[in-house]
Each structure stands twice: as structure tokens, then as C-alpha cells.
Amino acid sequence: MTFSGEFLAFMSLALVAVIGGVLLLNLTKVVHMVVALVFTFVSIAGIYVLLSAEFVAAVQILIYSGAITIIMLFGIMLTRHNDTSEPQTGRWRKLLLFLGVLGFAFAVYIGIYNLDIAQTPTDLHVNNTEQIGIELYSKFIIPFEVTSVLLLVALIGSIVLAKRDDEKEAEEE
Amino acid sequence: MNFAYFLSILVFSPLLGILVLSFLPKTQESLIKMVGFLATLPALLLSLIAYFQYRAGANLEGLNEKVSWIQFGNSEQLGNLFSIDYELGLDGFSLIMIVLTAVLSTLAAIASIHIKKEWKGYFMLFLLLEVGMLGVFAAENLILFFIFFEITLIPTFFLIGKWGYFEKENAAYSFLIYNGLGSAVLLIVIMVLFARTGTANIDALMAVMNADNPQLVAQISEDMKMGMLIALLIAFGVKLPIFPLHSWMVRVHVQAPPSIVMLHAGVLLKIGAYGLIRFGMGIFPEQFQSLAVLLAVLGVVNLLYGAFLAFIQTDFKMVLAYSSISHMGIVLIGLGALNEAGIQGAIFQVVSHGLIAALLFFLVGVFYERVQTSNIQNLGGLAKGMPITAGFLLAGAMASLGLPGMSGFVSEFMAFLGLFKEMPVLAAVGAIGIIMTAVYLLRAVLGITYGKAHRDFAGITDMRKFEFVPVLVLVGLIVLIGVYPSVLSEPLTSTLETIMLGIGG
Amino acid sequence: MDLETLLSYEWSIMAPEFIILGVATALSLLDLFMPKSQSRKILGWLGFAGILAALVSLLGLVGHGTESILLDTFRLDSFAKAFKLLLLLGAAMVMLIAISYEPNDGLEEFRGEFFYLFMAGLLGAMIMSSSGDLITLFVGLELLSISSYILAGMRKRNIQSNESAMKYVINGSIATAITLFGMSYVYGLTGTTNLKAMAGFLTSVFDEQHIYLLGLAFFMIVVGLSFKLATAPFHMWAPDVYQGAPTPVTAFLSVVSKTAGFVLLVRILFSIFANTPSGDAQGLPMILSLQDYIAFLAGATMIIGNLIALRQRNIKRLFAYSSIAQAGYLLVVIATMSLFMFDTLWFYLGAYLFMNLGAFAIIQYVTHKSGSEDISEFAGLYRRAPFLAIAMAIFLLSLAGIPGTAGFIGKLNIFMGALVPQEGHYVLVSIMIATTVVSYFYYFGVMVQMFFRPAADTQKVKLPAALTAVISISIVATILFGVAPNMAFDFLQGNFNQFTDFFQ
Amino acid sequence: MMENAWIIPLFPLLSFLFLILFGKRLKEASAYIGILLTLASLVYSLLVLFERFTAPTYKAEGVWLTIGDVQLTAGFEVNQLNALMLVIVSLVSFLVHTYSKGYMNGDDRFPVFYAYLGLFTFAMLGLVISPNLLQTYFFWELVGLGSFLLIGFYFYKEEAKAAAKKAFIMTRIGDVGLLIGMILLFWQVGSFEYDEIFAAVEAGSISATMITLTAILIFIGAVGKSGQFPLHTWLPDAMEGPTPVSALIHAATMVAAGVYLVAALFPLFTASETALMTVAIIGAFTAIFAASIGLVQKDIKRVLAYSTVSQLGYMMLALGSAGYVAGVFHLMTHAFFKALLFLAAGSVIHAVHTQNIEHMGGLWKKLRITGPLFLIGTLAISGVPLFSGFFSKDEILIAAWAHGNTVLFWLAVIAAFFTAFYMFRLFFMVFAGEARSDMKNVHESPSVMTMPMVVLGVLAVVAGYVNTPWFGTFLGDWLVEGNHSLGHGHIEGPAWIMVVATVVSLLGIFLAWLMYGKRSLSRDWLTSRAPLTYKTLYNKYYIDEFYQLTIVTGTKFFSSFLRFLEVFLVEGIVKGVAGITSALGKLGSKFQNGQIQTYGTMAFVGLAILVVIYAVTGGYLK
Amino acid sequence: MSAVPVQAYLALALILFCIGLYGALTKRNTVIVLISIELMLNAVNINLVAFSKYGIAPSITGQIFALFVITVAAAEAAVGLAILIALYRNRQTVNIDEMDTMKH
């Protein structure tokens, strides 16, 4: 293994991503947590670039680092948030969960750490967006259309649920 | 028996009553009672016709019915395998059980006059119960048997839980869970058999299981057969009941309304014995032989355990409940003997106890209605106010303790005759039970009818006219069987021969 | 891919989906333009008509051969047809229940939304059952899930409804993530999302490392999907969500959504893992070597569902546990993988559909009438409404698996499947039967209330027509399939040819 | 005639059925039906007996029940013993029926009484014509039922209730022995038929042990029915029944059924010396044992009851000493004189309304018919020469002596002394001495009661002459005719036996006269000299108390133990299982704590466990 | 040949997945729980994209799958937040452990 540029890039991105995740777990202020996670999201986008998925990387930046983070922050702002977010109870549950996570990670890790996949050269990086577009609008047209319904559902649903309830009363007043 | 679907009509005839009842207004008490009673008559009539024609030499096979019903999987690939037919049929044994059921149902319908509320629901459930009981004995395949078996469960649950005495719901639940578990175990056995042989027909199963090189879907090892037989023993042991699976039955006998106990003790318990004989002996003859000693021991334990516990009960219903346990021990003794005398004795006991228990519980209903207690300590001297009731009660007790000339003696005698041939020492121990039966029954019955009256039963009336009918019919049948047992033994001959052939006796 | 190729596909096989989509869209537009004051019930009837139309068109497709569009992203095979039939039937009945749903708080102004979100969820379920591609399956699953999250929270002024939706969305998302994590490995080791291609590729996988990783993926997918089925270990959300959600939604979750979950599980497991070698000496496929794990989950589910149900006083919660237990029975079918598996699964889900929806129709009526969901609301129901009480008794008996009802035949099927193999699943069958007996306790507990207890009020009831229809259909079906199950089996055998095209 | 002998039991059965159905309307008239129908039986029995003197044994049977290849039959047989018994039973029954018309007069359950009498007579007649063991057992039990019903006739009395129950249960204990014995015999012989059993015994196809075992078991049945030690305690208590019943059942017929049974199966018993010995020992012991109790009893009927027990012991001793004829002969004579005694006692009780002999006295002058008749009976039972009892008792003593049972012989002699003593003690206490002041309204019984007594009185005198060493042993010769296995008709015993017997009984009478007639000896010498002996005797050797303490208490204790088992073990396990189930449910619902994250954690930990198990067991850990 | 093996990407995804899961199941603020779930989905995406390049049969499908996942995740997040807001209106809390009116 050589310290190629790609490797260095991966290492640093991965480090940032993991640190972002760890900070999410350990910070006390809700807003800080979200901000920490933004770092993670962005570095994941970087990793996509390393994996010749420029389009996905772009979407990642737009949606995660942008849209989702923003609505989450909105969510935090809209609701009364006590800054500290440390559960008082559930110590046993946490321990159990921790052991579970360890076990799971261990089991998966021994599955992947020497996974032997012969690498084949790809041309994913060539016209990545075009490739995606072609596939999406030919092969995956049905899920694509279904996704549109899904988004519509999510849209209407969110409106219905989040709409202020007392509108009617307000009108009456 | 000359028309088609004779058996189906017989089995499902009470449904007609349910149909009529559902259109009757709730408040028409006497009309409902009348319809409920009348609805039991077609089955009675048809079963008697079948019985007398069979006695006259007619062939029962002419009654068999078979309609294709369920086919699991693809019939083109599987052929006849995994198909369940709707098939009813009779042999001597089941014919007798059907007659018993029909008779007791009619009598219990008369006894239901003591029911105080919601007659409509009561009679609908009652008739449904009768359908289940008749079906159980007419079913020619295991699945159908099981279906009818479960159909008896539900109405009984409600009949106990709604029309019973103080702790009725408790008793109903007890009944449900025990019998539910029993039928669950039974279902496993049935399904294993069905899944491995591809058929549920009893005759076909008997043939397949006893063939040297059976054609099976999957192998059945000897151990597995043994396991299935033991499971059957447990399943029917709950019903019978066999010690220590009996405690539900005591509760039911005490809490259920007398008319239902008549059917319960008279017919429902007998399904256990019927199942053991038909399926246990029929399908697993070899395994049954190796379990014979266990059965006989269980029988003796039942006999003595029931007798000794009946001896110290204060409630007459409890006495009768434990007496039922004790008497079912005789069935087991007969089965454990595994010879003609024993098996015939067991079957006789099934019928005989059916009649006797029905009689006794009916009488309990009669006097309970008048004195509002069945506690021996609060009774006494009842023969003064109700001499006829007391007389019949005594007659019932005599029949129950195996007085010759009554059906109880014939069955008890044959069962012991059988067991003494195979296991004389065990039989001798069991014979203590005969003494104990006399002891506890006399203690209880004399405690109620003889001696000084515990309180003033002034103004109580003796049996009314309609109450005579069940009593006289039952006593008549008990004496008939006791004096002329061939009424039972002759129809049984061919069934017994088949069984003996199976167990190589 | 040009238009011509696109048009060369036989799009008519998607007619049911298009109808649902079209009606959902139409409903949303109508809702938008209808005056606020007008009752939205009419939309419900429209939706119901749409579902019926879809049902009719699906029945028209029953004789149609196996067909796929766009590399299996949509696939119409016997399996899809058979189960879509159930989904549509269930949805139609839930729709009827929903039309009669008149809660005290929160839903009235969103009734229109309720109907078309519901249709969207149904669309998701239908997509789930007729696709041969992971991506489509995933999207269909999410469409169903997200619609359900929203539906569960529809009574937004009701705190329990909010909470129910919250629990649902969080647990659902975690489950989705776990499933996807598993799927990602499957994708990685095959390089495709097409199930058929995967299956073809996997038969030649012999690298132990790959097999191990596929095994892990198997577990992740199973556990992730167990959320939709509400089986162990992902069952615990169900009681809370069922309790809090509006009753029609609960009915929807417990029947339609669960059916869709089973469809998806079967589709994935038997497409992918039936062809994956397990790497042991006998060369068993992976699914067989891992069936004990599914059996374990099935056993745990049955035990948990039935035992905890014993303690419930809230009728909807009780039915949640009951539906967990029922899902456990269904999981037995999958764990035993007998030759009758598809038939059994279909029949039991069908029977379950009728008995459970019938029961929920009654539950909705009884609980919203009194506003309380305590089991004692059923007290004396026989006095007040004999028809309702007897109907409820029939459904309960069927759920308990008493002969004469469809539930019994379904259980019979399950037992047979479990016992046919040489090394029969005796333990599993024993657990199933024992827990069934335990279930008598709570099913009969409801009956005790209805028949034995005195009524609190003796007021006579007037049942809405829609509910009457649901209950009547359910009674007829429950009894009919219990007495003459061959009607269903013949239909199955005659039209779906044992689902042999599932693997083609 | 003989071909239709089956009809004999049917007359009383008819009486029973008719009276139980219509008795309520007939009231007092029901007596006539009972009397007439038993008379029919009597007449028919006599005809059969006379025919039997010349004709051979007649037997007819039909199939009753088929068990596989075995056919159990039912029918009837008229042999010498049966024919004789038919007459005895129907005669006594007829007389008691007649007597009861007077005795039971005024009882409001009068028809029921006659119905019961009919039932009993039917059963007893059925018993004596049974050709096989099964049928014998059948009627054996029915006889017990009749006895039970009649003992408990005064059902409202607690004592009657207890006595009836006791009688039924104690005889049932014996019956079970009989049942076991006959079943064992059945599996040896393959039949219940008497003749086939005897044939098998003779052919030696049954092992000696089995013969002994079955014979003793069957004898247990006889012990129960005939009130032999140790199952004798019910018989004295049975005196709670109306006195005619005591005469019929507990003196003449049913209690003799045990003796009849042993006699009927005599060839079986003779095949086993052990069995014979057992019978003899039990008989002799019972004879002296019961007689000794009889010495001190104060109740007129109880004295007679113990006397019955004692006399039955005599009969057993006779049979056990191979004295078939002696046993049957004594059975017959005893039937007459004991029935007479009971009826006379009934007449006394009827007159004075008490049973306590200490409250009686001087009745000789008032009861001019009953008195002499009672005396005849007393003389007969005491074995005073020329009375019937003398001859039959003599036969028994000879048989015992001839069989070599010296000890038993002397026991019997002592018992004879006791008998004479207590019988005359009874006689003197009741009839001699001054009339007590409170018995002014004592009247002789009506003729409907005295006439049967007269008949019996005559028989008590003359019945002995059918079988005497002086005029010929007709009865004995006839009884064993054509059947050598029954032994010899008459045994010539040493002449001194007769002398000893006579002397002993006279001695007893003399002593009784001294103490109770002349009163030259203090009545209370036993009470004062040996209070312990007296108390023991008076309390019947505390046998009842002993049974109460051991068997009854033991049974109760065992039952309580089983109830304990039932409650704590059987029910306990069930409750335990139910408890565990609901506890598990509770535990499960505890995890269901409403926390979303708990649910997720559980699910994920479940996944982790599965995955880890998979990793570990799959062998992928390298 | 790439200098970074596929295992590295997979390991990263696994770590992030575990972190996300741990966060989702331990954090008290519901918003953070929702965002932790997003992290889990991101981990899935890394897997998909990595396999799309270095998998057994590399193809663009992985990336497309990832796009679908992103879309769905966004929708899910939106709905989750909407539900949270509805709940907040009624309960005045965003603490997930206080949402336990229904239990047992």
C-alpha cells in the first residue's frame, strides 16, 4: 500500500467523517451536534468523488449538507430545545446497545476486512452524470416515477402534519 | 337408512333447531324450550332407526358418505395424497355412541327446563354442542373428527360460563385451557400422521400404519409412533380425564348447569375413551400393547384416587365429579387389559357411565332446584319430602357402584375380568376401588336422603311429571343393559374383532 | 432506450397500479378544489370505487402470462397477482372502515388527505409485490412506509396519535437503514439490483468470505423487514403504534402493510438466498442452512405476542399483540419452507385479512362510540348488538384457530407444511400450538366481556352501512373459507400454477 | 314343573314392581298382593321339590353375554340343594309376608316395605336357582340390596342409616373377595358353570394353589354375607331393621347364603384341605366368639343376632369338616327356629315396645301364644333332644369329630353350652319373673302374626326328623344322591357325642335357670367378678371400635392426604404453570416501556445476537 | 489499481453506520435521533457507491441506488420532522424519552 494521493485523501476524509460522527455522540449542545454532522456529510461527499461518483457527491452536498441540515436546524429552532441532550436514564440500555453494536461491528468487520474482490477497471468517471441520467430514465423509470409519488406524499404529509392547527380559529378571530 | 346423506342429516339435524330458534323472539320462553327439545328428536329418531336396522342385520357400510372436500397442494402432482374428504361412517361402536349422544341430548334438553335465563342462546349453543358430539362419532377421518371435537369445545365453554353456578367463568376457563391443550396435542398427532402418510382417513391410516412396507410421504420411526401414542394418551387423557389431568373436570362438574353436566359427563368425557380405542388401539396397536401396563396402572390409580377423594368431599357434585374420575379408571383398566373382556368392558363402561352420570346429575339438578344446596352436610332426610327423587338417587348410586342388574356391573365386571387375566395383582389392588365406590356413594347418598333432616324442608315438592321422563328412560336403559347386555355387545362384535385383529389378540 | 422500446412493453399489465395512481391523483385534486364545507366522505367512496376498479382489472390479468417490464423493475407473475389480490381486497375493506371513521378529534379536516395518502400507501404495497428489482422494491417499501407514518399521525391533535407516528417513523427509519445496509452488501457481491440476475450470479459464488457476508446481509434484511411484519425482534413498536393510530390505520397496518411485508420478505429471501450456496459440505442453499434462525424468530414472536397479550386491557393493543402472534404463525410458514409454502402463506394471509379486518371494523365501532378503548367497552355487547357480538365471536374464534373458520384451515396448512419434511419442525409446531392455546385466554376474554358481562348501557346501535358491509363480507369469507376452503385452493391451483414462475 | 322353575322368583319380582309403581294407591291392600305372590312361589317351590324327589337335576341356560369366543350364560338349575333352598326361602318369606301384615300395620310406608320384601325374595330365590357363579354373584348382590333397603327402612333414624350403610359395605368387602375368586376361577376353567368348575377340579386341571386361593377368596364372600368373623359386625347392627326383616333376611335366608355358597361349591372346597380348614376354623371361632358376646347383650334382637352369627359359624364348621349334609341340615333347621325366634321376639317387641330385656319380664302369662312358641324355638336352638336343633347340631359335632378337628370340636361344644345359656337367659329374662308394672297394656299379637309363628313352631320341632340317626337320614341321602364329591350322606359318630351335646345344653339351661329363673345365683357375678371380661364381652370385643380406629380413620387419613396432594401438587403445578405464563407476560410487557429507543435497541441487539451466533457457529471466525 | 482498497470504504461505512445507530438509539433530542438515522443511510450510500466502483461487477446501478436512498432519506427526514412538530404542539417536548404515554 502506497501513500498515494488518493489514499491520503481517503484517510483525511474518513477521519473527518468519523470525527464528525464521534462529536455527534459526545457533544452536549444540539446545534453543535448538527454542525458536527455537517462535516461528516461533506466528507462523505468527498469520498463519493474518490469513488468516481461526482453526481452523487453533488447531490450529497446539496441535500444532506444543505437541505436536510437546514430543515433539521429549523426543526430545532421551531421546537423548544433544552440545550443539553443527555438522557438521565437508560444506562443499562446503553450498555446493552454498546455491546450489541460492538458485536455487530465485529461480525461485519470480520466479513469485510479481507474481502477479496478482484478489481475491474470501470468507466464510471466518464460522463458520470450522463450515465446516471441514461440509466435512470430508461431502466429505472418505474422506481423513478414511484419516487415522485413518494415525494409528493411526503410533501403533502408534512404540510398536513406541520400545519398550524389553529388556523381556523385564527381566521375566525 | 335408505336415503342418501342419512348420516349427514342425522349429524346436522339440530342445526334446523338453531335456524328456527334464531327467528323466535327472545321472550317466548316455552316456545323456545319446546323447539329446543323438538330439535333433538330427529337425531334421536334416526339414530334409533339405524340401531334397530343394524340389529336386524342391515349393513352399516351403506351409510358411509364421502365427498371430496379439501385438496392441499396440486392434485395432479400429489394424486390422492393430502386430500381431506368429508366422510362420515359408522361402525358398531360409533353407532352406540351416537345413540347414547342422541338419547342423552334429548334428555338433557328436557332437563334444560331448569335453566333460568336466556333460553334462546342456551338452546342454540346446546344444539350446536349436539352437532359436535354427533359429528365426533360419525367422523371417518381424523381431521373431521378434530373439527367436530373442537366444535364441542366452544358451546360448552359458553354454556358453562354463562349458565353455570357461582364460579362459572373460572370453570369455563379451566375447561377451555385444559381441553384446548388436549386438543392441541391431538392436533399435532393428527397433523404428523396426515403430513407423513398423506391421508387422514382412519381406515386408510390403520392399513398404512400396520403394513409391513408402508407407502409414506416421509418415514415414521418406531420411536415416533410411540411418541404419538403417548401424545394421544395425553390428549384424550385430558378429556377422559386421567390423573393428574383431571382437576378441570371437577370444576366443570360442580359449576356447570346440570343439564350440561349430563352431556358433559355422559358424552363429552367419553370422547376420550372413544379416541383412545379408535385411534390409539386402531392406529398404533403394537405401541399400545407396550403401554398396556401403564394404562392399567393409570386406571387403577384413577379408580382409587377418585374414590378416596370422593370419600371426603362435602359437596355432592364434587363426590360425583370424583366418582366420574374413578369410573373412568375402569375404562382405562379395561383398555389396559387389552383383551376382549377388557375392551368390551371399557366400552360398556363408557356407555354405562354415560347413562348413570346423566341420571345422577339430572337428579342433582332436580333437588338443587328445590333446596338450593348440594352440600351433604346441609342436607339429610330428603327421602321424607322427596321420596321418589330419593329413591331414584339411590337407584343411581346403586347403578354407579356396580350393582348387578344394572349397567355398571356388567362393565365393571368385564373390565376386571379382563385385567385379572393379564395382571391379577394389579387387578386385586384395583378391586379395593369397588369397595371404596360403595363407601363413598353410600356415604353421600345416604347423607342426603336418609337420616335426620338438617333443616326443615317443609313444602318441598317431589319430582314433577316431565322430570320423570329422563329419569325413567335412563333407569330403564341402565337396567336394560344390566339385564340384557347383548343390546350393546352384539353391535360391538365386529368392531371388537377388528381391534383384536390389530393387536394380535 | 428510445420511445419505441419503451412503448414495446405491455404497459397494460400495470393497469391496477395506474388506476390506483390515477384515482389517488384525482382525489388529491378534488380535495383541493372541493369546498371546505363539503363532506369528504364522497372521496372515500371514490377511492373505494378506484380500488374496486383496480381489483377488477387485476382479476382480468389473472389469466395473463408472466410478463416483465424494463428488466423486471415491474414484474407480473403469479406471486404478484395472488398477493396483490389480497392487498387490494384488504385495502378496499380498510377503505370502507375508514369511511365510517368518525373520531372526536383531529381527522375531520384532513379526511381528504387521509384517503389519498392511503391510496398512495396501497400503491407502494402493490409495487412491492410486483417487482423483481431491489431498487423498485425499496422505493415501493418506502412509499408504503412514509404514507403509513403520516397516516398514523393523522389525528394530529391527539397526543397518542402523534406519539404513535413518532415511534413509527423512528423505528421504521432505523429498520429501513438496516435493511438497506444488508441490501448494499448483496448489491456489492453481485453487482446488480435485478433479483433474477443476482440469483443467477450467486449460484456460482464459492468464496467463503462472500458467502459469510451474504449471510450477514441475510440477517440484516430479515431483521430490517421484520419491522414491517411486526415480528421479533422488531415487533415492539407495534402495540404503541396500533394503539395510537386511528383505527382504520391500525387495520391497514395490521393487514395490508403486514401482507406487503411478507410479500417483500418472500420475494427477497427466495429470489436471492435460495440460490446462494451456504458453503457447507452438502451444498445446501443458504436459506435452508439458515432456516433455523427464522424458526427461532418465529418461535420467539409467537411466544412474545401471545404471552404479553394476556395482560392487555386496551383492545387495540390486544390486537396489536395478537397480530404479532399471527405474524409469528406466518413466519413459521417461511421458516419451514415446505412445498405448500406459497399456498399456505396466501391462504393464511387471506384468512387473516378477513378475520382481522372484521374485528377491527367492530373495534372501531365499539371504541369510537364510547371513546374508550378498554376491553370492558365490549361488556354486554351481545345484549346491545347481538349481530356485532356474534360477528366478533366468529372473528375471534377464527383468530384462535377454531374449526369451522378460515383461521383453522390456515393453521392446518401451516402445521402440515411444518410436518411434511423428514425432520419435521416439531418444536416449532409445539410452540405454535401451545401459544395458540395461550391465545384462547385473551380471545375468549373478549368473548367473556361480550356475552357474560352485563351491559353498561342498553342503548341499541345503528351500524353504518360501510361497516355492515365489511363485517358481513368478513363473516361470509371467514366461514366460507373455513367450511369450503377448496374454493380458495382451487382458485390458487387453477390460476397460479403453484407459483412456478416465481423463479423464472 | 321343573322346566318352569324360573318362574318362581318372578312372582316376588312382580310383587316388587307392582307395589313400587302402584303401592301408593293400594295402601294396606298391598300386603295381599305380596302375600299372594309369595304364596304362589311357595306352592310352585313345593311342587318342584316334590318333583325333584323323583326326577333328576334339571338345568336350562341361554346366552347372556358374549365376550369374544366366550359365552356367558344365564339360566337356572334345580338340584337337591336348590330345590330345598327354594322351599325354605319361599316358605319363610311367605310367613314373614303374612306376619308383617300385622307387625307393620299402620306404617305409612307399608307398601314400600312389601315392595322391598318382594325384591329381596326375588333376589334370594334367584340366587338359589343359579346354575353358575356369575349368576349367583348377580343375585348375591341383589340380595344385599334388599337387605340394605330393609335395614334402612326407617331411614329417618340415624342408627338405621348407619346400620344399612355398614351392612352394605361390609358385605361388599366380602363380595369383592368372591368376585376375585370367581374371576380367577374363570380364567382357570374358562367358565362360570358349577358343573364345569367341578369337572375341572376333578380332572386336576387347576393347580392346588389356585384351588386353595380361589376357594378361600370365595369363602371371603361367604364370610361377608354370613356375618362370620371378622366381617360379622354388620349383622347385629342390622337389627335396626323391622323385626320381620330380621327374621327373613338376617336369620333364615340371606345370611345363610354364605353357607349355601360354600355348600354349592363344596367340591371345590373339598379339593383343598387348606381351604376346608380355613372354613372350619373361621366357623368354629365365630361360633364361640359370637356366642360369648351373646352372653351379656341386653337387646333382645341383638342376642338373637349374635346367636345367628354363632349358628352360622356352626354351619361353616360343619362344611369345613366336610360335613356337607350337616351344614345344609343345620341351615334348614336353623332357618325355621331362628325365624320363629325372631318373629316371636317381634311379637314381644310389638307388645311391649322395647327391645331391652332388662325392662321385660313376666310376659309368659300375658303372651300365651308367643311365650310357648318362643320356648320351642329356644329349646330347638339349645339342642335339647327331640327338637330339630338337636339333630342338626349333633350332625355337626359328629362331622367335626370325624374330620379330626378335635380342638374345633370342643370349641363347638363350649359354644353349644353358651348357646343354651344365653338363649335361656333371654327366655327367663323376658318371660319369667314378675311382670313389670309399666307393662299393663300388653296384648298378644293378632292371629295374622301368631299363625306364621305357629307354622314355624311346628317346623322347628319336626324339621329335625328328616335326618336323624334313629329314624333314617332321608335328607342326607337325598342330598348327596348321584354326587359322590359331596361326601357321605351321614357319618356314624360315636354315641357319646350325642350325650355330651345333650348334657352340655342341659347344663347351660340349668345355669341360666339358676341365675335368671330361680335367681339363686347372682346375675351380676360376671360383672362384679370380672368386670373387664364383662366389659369386653358387652362391647363385643371392641371390634367396631378397632375397625373405626384403623380402617375408617386410616381411609379418612389417606383421603385427606390425597386431597392435600390434589390441592398442592396437581393443582399447584397447574397454578404454577399458569403463574409462570402470566409472569412471563408481565416480564415481557415490562420491556415494553414505551421508549422508542428501547424498541430499537432490542431489535438491534437481536440482530447483533443473531449475527454473532452466525459468525461463531458458522465457523467463519478465523 | 486503486490505492485504497474496497475494504477501507466498507470499514468506514460500517463505522459510520454504527455511530449513526448508536446515536439514533441513545440521543435524547428527537431531531438528533432523526439526523443520526440520516447518518446510517449515508453509511449505506458509501457502501453502495463503493461497490459500484469496486464491487464484483462494477456498474452505475450502485450510484443510482444511492440516489434513490438519498431522496427517500430526505423525504423521511421531512416527514419525521413534521411529526415531531405536530407532537411538539401537543406535548411541548422534543425529548424522545418523554414520549411514552403508551406502554406495556
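We call the chains A, B, C, D and E, going by the order they appear; numbering starts again at 1 in every chain.
Here is the rule we use: a contact is a pair of C-beta atoms (placed from the backbone, for glycine too) under 8 Å apart; a residue touches a chain by one contact, two chains touch by 3 or more.
These numbers were taken from a predicted model, which means no experiment stands behind them.
Any chain touching chain B that also touches chain C appears here: D.
The minimal number of chain-to-chain contact steps leading from chain C to chain D is 1. The most distant chain from chain A, with centres taken as the mean of CA atoms, is D. Chain centres here are C-alpha means, and the one lying farthest from chain E is D. Ranked by how close its C-alpha mean sits to the mean of all protein C-alpha atoms, the top chain is B.
Set side by side, the interfaces A-E and C-E show unequal numbers of C-beta pairs in contact, with more at A-E.
Per-chain CA centroids place chain B at a distance of 64 Å from chain E. The mean-CA centres of chain A and chain D are about 101 angstrom from one another, to the nearest whole unit.
Averaging C-alpha coordinates per chain places the centre of chain B 37 Å away from that of chain D.
Taking each chain's centre as the average of its CA atoms, chain A and chain C sit 30 Å apart. Within chain A, contacts with two or more other chains are made by residues 90, 93, 97, 101, 104, 107-108, 110-112, 114-115, 117, 140, 143, 147, 150, 153-154, 157-158, 160-161, 165.
Within chain D, the positions touching two or more other chains are listed as 589, 592, 594-598, 600-601, 604-605, 607, 611, 614-615, 620. Shared interface positions of chain B, defined as residues touching 2 or more other chains, are absent.
Interchain contacts (touch definition given at top) occur between A-C, A-D, A-E, B-C, B-D, C-D, C-E, D-E. Chain D makes touch with chain E in their complex at residues 589-590, 592-597, 600-601, 604. Those residues of chain D that touch chain B in the shared complex are 63-70, 134, 137-142, 145, 152, 155-158, 160-161, 164-165, 168-169, 172-173, 176, 179-180, 183-184, 186-187, 555-556, 558-560, 562-563, 566, 569-571, 573-574. Looking at the complex, you find that chain B touches chain C at residues 68-75, 82, 121, 143, 146-148, 150-151, 153-154, 157-158, 161-162, 169, 172-173, 176-177, 180-181, 184-185, 187-188, 191-192, 194-196, 217-219. Chain A meets chain C in the complex at residues 107-108, 110-112, 114-117, 134, 137-143, 146-147, 149-150, 152-154, 156-158, 160-161, 165, 168.
In the complex of the two chains, the chain C residues touching chain D come out as 166-167, 170-171, 174-175, 178, 208, 212, 215-216, 219-220, 223, 226-227, 232-234, 236-237, 239-240, 290, 293, 303-304, 307-311, 438.
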